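In the two assemblies presented below, chain A is common to both, partnered first by chain B and then by chain C.
Let's look at the complex of A and B:
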């Protein structure tokens, strides 16, 4: 055991109280403060996006017209709910959630660096994020207030519909463009930081696995996002009639748009999940007091996932008029992603084997992740298979699969990371009992909400519908499963809300946390709690592996 | 970052001493990180133009006859002039970097300004090319009214032409602005052998802008 307590001069000065005033926060170049500002933003948007999800489930809780009026207006409002839910959750919560909030905070700390390579660019990314966020929300709400048509393209902006609808496509697309740049700059910053600012002695294979995951994510952000950028610019110009390129009436190819779009948007799902995998690697090792099993395999599989993610985009276009041959190749390549992913899962389980597992809150979330993410991954295989995909396409099966990966994977990992690192970030411990109850509530609520949707999918219940009748031969399944799903959603929402309250209360009234409450061996635990502005009060160097449980450490 | 102003004297010139930013251990680390960051940025630029190149390939395969014919409407001589201008500007940019490395303030400023002049020359030629096309009724998009193209979908060729060259022109203008800013700072003695990161990074950017043109030139003017 190596909870070597480095002694810190207890000056009481840390990054939180080093300077006061809102101006010092808004113009800060400290990666920890920027990370915190991202964190508050992400938590805020998670609650907003979640509220819209609950409204959707409320509408679908019963057959018939639900709580929205059975008019065109009511239907449009429903469309708006799920557009807002999707856009907010994807662009404002899941993509920046782990990398920009937790990654910003812990990347330099885990590297033993004083900051990221380009602090000003980091702050600029944060403001681009907010500008994009406000533009997206104005675009959607403006349609509601009658300033312009409603944004009814969905988040994919497929041509030719997006060229003709009266919705604020240009504003919304510009928002996505700006959010894309925010993401590019964060990724670029992280790649440069990891390459050039590792502390002396930290070779590539001495980096914590969280950093490998963030690194793979950042590579995707840098390489894939510009393609989305130029595609969206072309769409804006085409919509203004400045050029013709995607419009089939003018000799253009609308399928080309889909290729460009998914060339970014498939890798984007790995931007969403890879950082979560990194968090889980950290927690499973630290809380089973065991050196992670297959360190190199986990590290390299992150890179493998990033590479393969660039060649599978066509699986979103099985039904879009792509040739069968292309479909078969993309289907095969998509199966290939399962290999590095399974390597990770097997290594996590092998790490748990014979470990001395402490069932603290982070570990409970990590175990939920293993369970839910595995279901999410396995249920993806029928969607990657051409013949079965044709059946499941556009049913609730897709919704269930997607949420098992995105919520059961990424958001659960985000919660795991929050509970793992919260004591380091704020120097306070949250109420463990409440946190564990919340974890259990979320787990139960989540499964009730989404497992039922697999059955809905099997029963052919279509996505995006705003009401349904039950005079169908499977009407009973629709009614029962939709009802349970809605109950689950409410439980899930309750669990999320209480766990946020629990965390925030801890910042003010929690009991003081020690420097290393979980006995972790990565560098962030050797910093003071909360860390000082420059992270470490001594020059950091390292002469050991990141995980050294149960071994002689050889560390200073 | 240190706040006190210090002066370094090299030869007969005075330079503003540069201090390493607080989060870097050494000046070398800072320089390497900045340069690496620039490489990453250039990669994003390549991916961005990459999308456009793919679009060009797709439509060339769709409409080979149209593309061959439209290329004959382009004036390859003007394209060649611009290619030469940009190659010369790359040379002057490299000489500017060599000069700052040798703490030669005067030559550095001269070479940077020469590069800006080349950029301006490129823009002027481009202006005449665009003006001539508009005169013929070759507009991208809705206003396309050229009746000399006897092949269908000529507007797709010109949509690509205008988008790609205009995006490139935008990069030229950004590059010229950055070089002007470098030359101003160089004249104030901000760059010398121990610190010339902005000039180096601007140079990398400028070479990429030139390189992209080297691809655009044959794609639109030569391949027939």
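Let's look at the complex of A and C:
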């Protein structure tokens, strides 16, 4: 089957209008509706988390004291800001962002399936997501209403501080625990779906690369998240004085928590980035009308990353008094995980060669991803190198590095995916001119915000500082770069906000989109726009590779 | 030490965008690796970006019906771009490892090395000099013996002098070498735990010593001599902290528990250098900062004299007498309730957790968490003993001196 011979009976019935009423949405088992509900949630929390980020940058825009009162209350409020920014962005935005929102929507469509393997489990994981989110919100509100202290541990919940703060650690940690289960359920569901529900003719190496990425992600979710769950339970028990394994005053070891925590959270970094890589593979191929270069290398490197990511966690503890020997092992393995990532970047660039490259909004985001993610990857090298990590550990260099990966990588890929698939999801086209302007604004704002932070790191600016003086040998850099970073953050925030408005306005007033606006060859483009509840109005099977652009392709 | 002395006036090297001042002997070693990484990264970034932009420009879409070639892969190319980064990265791994191995664990014996015990707590640092004396990052230590107040012997006389009006909550004083008092939030002077030795028969006993709380980092620097190896032994009293001196390329987490974790460096330029706390520790995390002042050896010796309020061996002996001697003798083989501490260091001890080397960490653990390892043949009856890190430094020195 090729893209040309599909004709849909235009009945006007699709998954959006198949049934009406809030109840039909809240109890839906349709993966597309669940994906959409995830999407609105993720976009909402992205704005909330982003607001906290802007407040942080506002506070640090100038040396001396920012807008927060210079009291214990003001300082605790600042600590709350960066904790909430981290918790919301990691657990409520980036981890579920691409897999649970876009993945949910497009995984069955790309497989040629009617739904995921376990639709009820899918809905359950959405509700777990919201239960976790509400617990986190209650924890935040309670801290502000004086029910308990403010949540101020940072998203990592490091012991011993998390054992002693008056903040709602137990509630917040329980929220993360429940969000973990949401993630595990989604992962299980996707693994089962990919194993069992590929349409006839779709062998493993005929799957679109987005699915390979989601598959690798799902494996990490299923295998690593339980470790986080256990760690968080142990933390709760320690705080309730039931067991003592982290508290040094009672014979425990606070560093053990870091080992447990990063055993999950380092693979989680790849939970965050792998789906983004999948999106980029799709877009680069479709927008340059060219078969992806090195399909197997990209697919297999996803799996390689997933496997190696389990054995690099110790690089978060080079400064903890870990033995030199342990440091050496973790440093070596960390370098090993960099290689499959480098391979992917080279493959994407090579795909452009002799292509027919359009510069539609999704492609602009994808190109911007390539640039930003490359910086994110390269700036990881000094953190993996033992001696240079001494300079950068727990400074703004680390902040800049992981924002280049998490925002420059994952969030930009999320935006790319949104603009790529939005017409398919809603049957409407957004305003291309505004979307391109937003992409450019985000690119400029992002680089101004975060590239400056590398320089802050060279000058030793520590993370999580409420304010800073400049009367010392590092002060000039601290002053100028913090200022530029804050300006960049405001530009970035503006760009994100406008691009969301542009997308949402399109749902109501955008011009009608065709079934396949970008000329993609993966199966989701063969479905009607927007797709009907059961995705396809015919039985789907394929006898070809996912990407069939150009000469000498088609059936073989 | 006094808090009014101006900082070094000599023009000091400032950080550039890509480099903090190279204040220690090993800083250039780290920076050269960093330079190599930065250059190679920059070149890689330029190559990738240039290729991308070139392709985008050259192969931009002309019509909707453009035909593209089917290039599925190219083994040679793929091997090249896998192997080159691999070789480069593993080379980096080696050079990074080399420097790290040198400074991560300082050798036990370095000729002429200066030892400083750094203890972090919410939210200040103590710098204890084993020669006796300490400075604190939030309070400047002042000797007021020349103020005409040297006869102040007790709290009543102190208050009568009117001097107490100068103090704010958190300040501590030492009166007549006997008692330390700290001013609380409620304006009351209470007995403080801070003294190394409460019954110290100190020759300077008529002095008034003041630990005055301050948020001015310039007022409370700690001092090290130039061109001399400095070993920092770092620990925390409460939660995790991390002690960093960016211009020295030194950083080490301060971890609560019984172990000082060490790192070392050799400062090569006189001047003052910022130190920071790099691990989130609560409200005043960003105020756990101050200066390290690098001075000549002569000035360093003078500084040691200035801060020296106790003789470490006397203070250590005092601590032993008050807190240990009722159960532990210092005579070889003499048991009271617990084992003799004679020749504790440098020998092996049989415990229920196997054989343990008699070192600082085992001593500290035995005091703070006595049931962790029980010496063979003794009942597990020892309670945890409150010994401050400062006292601990003196106590260990004293025990080591008894032969």
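We adopt the following convention: the second predicted complex is superposed on the first by the 546 of 556 C-alpha atoms of A that agree within 3 Å, B and C clash if a C-alpha of one lies under 4 Å from a C-alpha of the other, contacts with A are read in each partner's own complex, and residues count from 1 in each chain.
Please note the rule applied: a residue touches a chain if its C-beta (ideal position, glycine included) is under 8 Å from a C-beta of that chain, and two chains touch if they have at least 3 such contacts.
This one's a predicted model, so the numbers in the text were calculated from it and none came from an experiment.
Touched residues of chain A, counted separately for chain B and chain C, are more numerous for C.
By the touch criterion defined above, A:468 reaches chain C but does not reach chain B.
Using the contact criterion defined above for the overlaid structures, shared-chain residue A:327 touches chain C, although it does not reach chain B. Judged by the touch definition given at the top, the superposed model places A:114 against chain B, while chain C stays out of reach. Within the superposed three-chain model, A:251 lies in touch with chain B and with chain C [touch as defined at top]. Legend: residue contacts after superposition of the two complexes on their common chain; A:201 is shown touching neither chain B nor chain C. Within the superposed three-chain model, A:64 lies out of touch with both chain B and chain C [touch as defined at top]. Of the two partner chains placed around the shared chain by superposition, chain B is the only one that A:188 touches, whereas chain C remains out of contact. Put simply, chain A uses residues 251, 253 to touch chain B in one complex and chain C in the other. Chain contact summary for the complex, chain A toward chain B: residues 113-119, 184, 188-189, 191-193, 195-197, 222-227, 229-231, 234, 237-238, 240-245, 250-253, 256, 260, 534.
Listed in rising order, the residues of chain A touching chain C in the complex are 72, 75-76, 79, 152-154, 158-161, 163-165, 248-249, 251, 253-255, 288-291, 293-297, 318-321, 323-324, 327-328, 331-332, 335, 338-339, 342-343, 345-347, 349-350, 352-359, 367, 370-371, 374-375, 378-379, 381-382, 384-391, 393-395, 455, 458-460, 462-469, 471-477, 481, 519, 549-553.
Listed in rising order, the residues of chain B touching chain A in the complex are 22-24, 29, 32-34, 36-37, 40-41, 43-45, 47-52, 54-55, 58-59, 62-63, 140-142, 152-153, 155-156, 159-160, 162-163. Against chain A, the residues of chain C that register as touching in their complex are 12-21, 29-30, 33-34, 37-38, 41, 44-45, 48-49, 51-52, 55-56, 59-62, 64, 66-74, 77-78, 81-82, 85-86, 89-90, 92-93, 95-101, 103-105, 217-218, 238-240, 242, 244, 246-247, 249-253, 255-259, 261, 271-274, 276-286, 289, 291, 369, 372.
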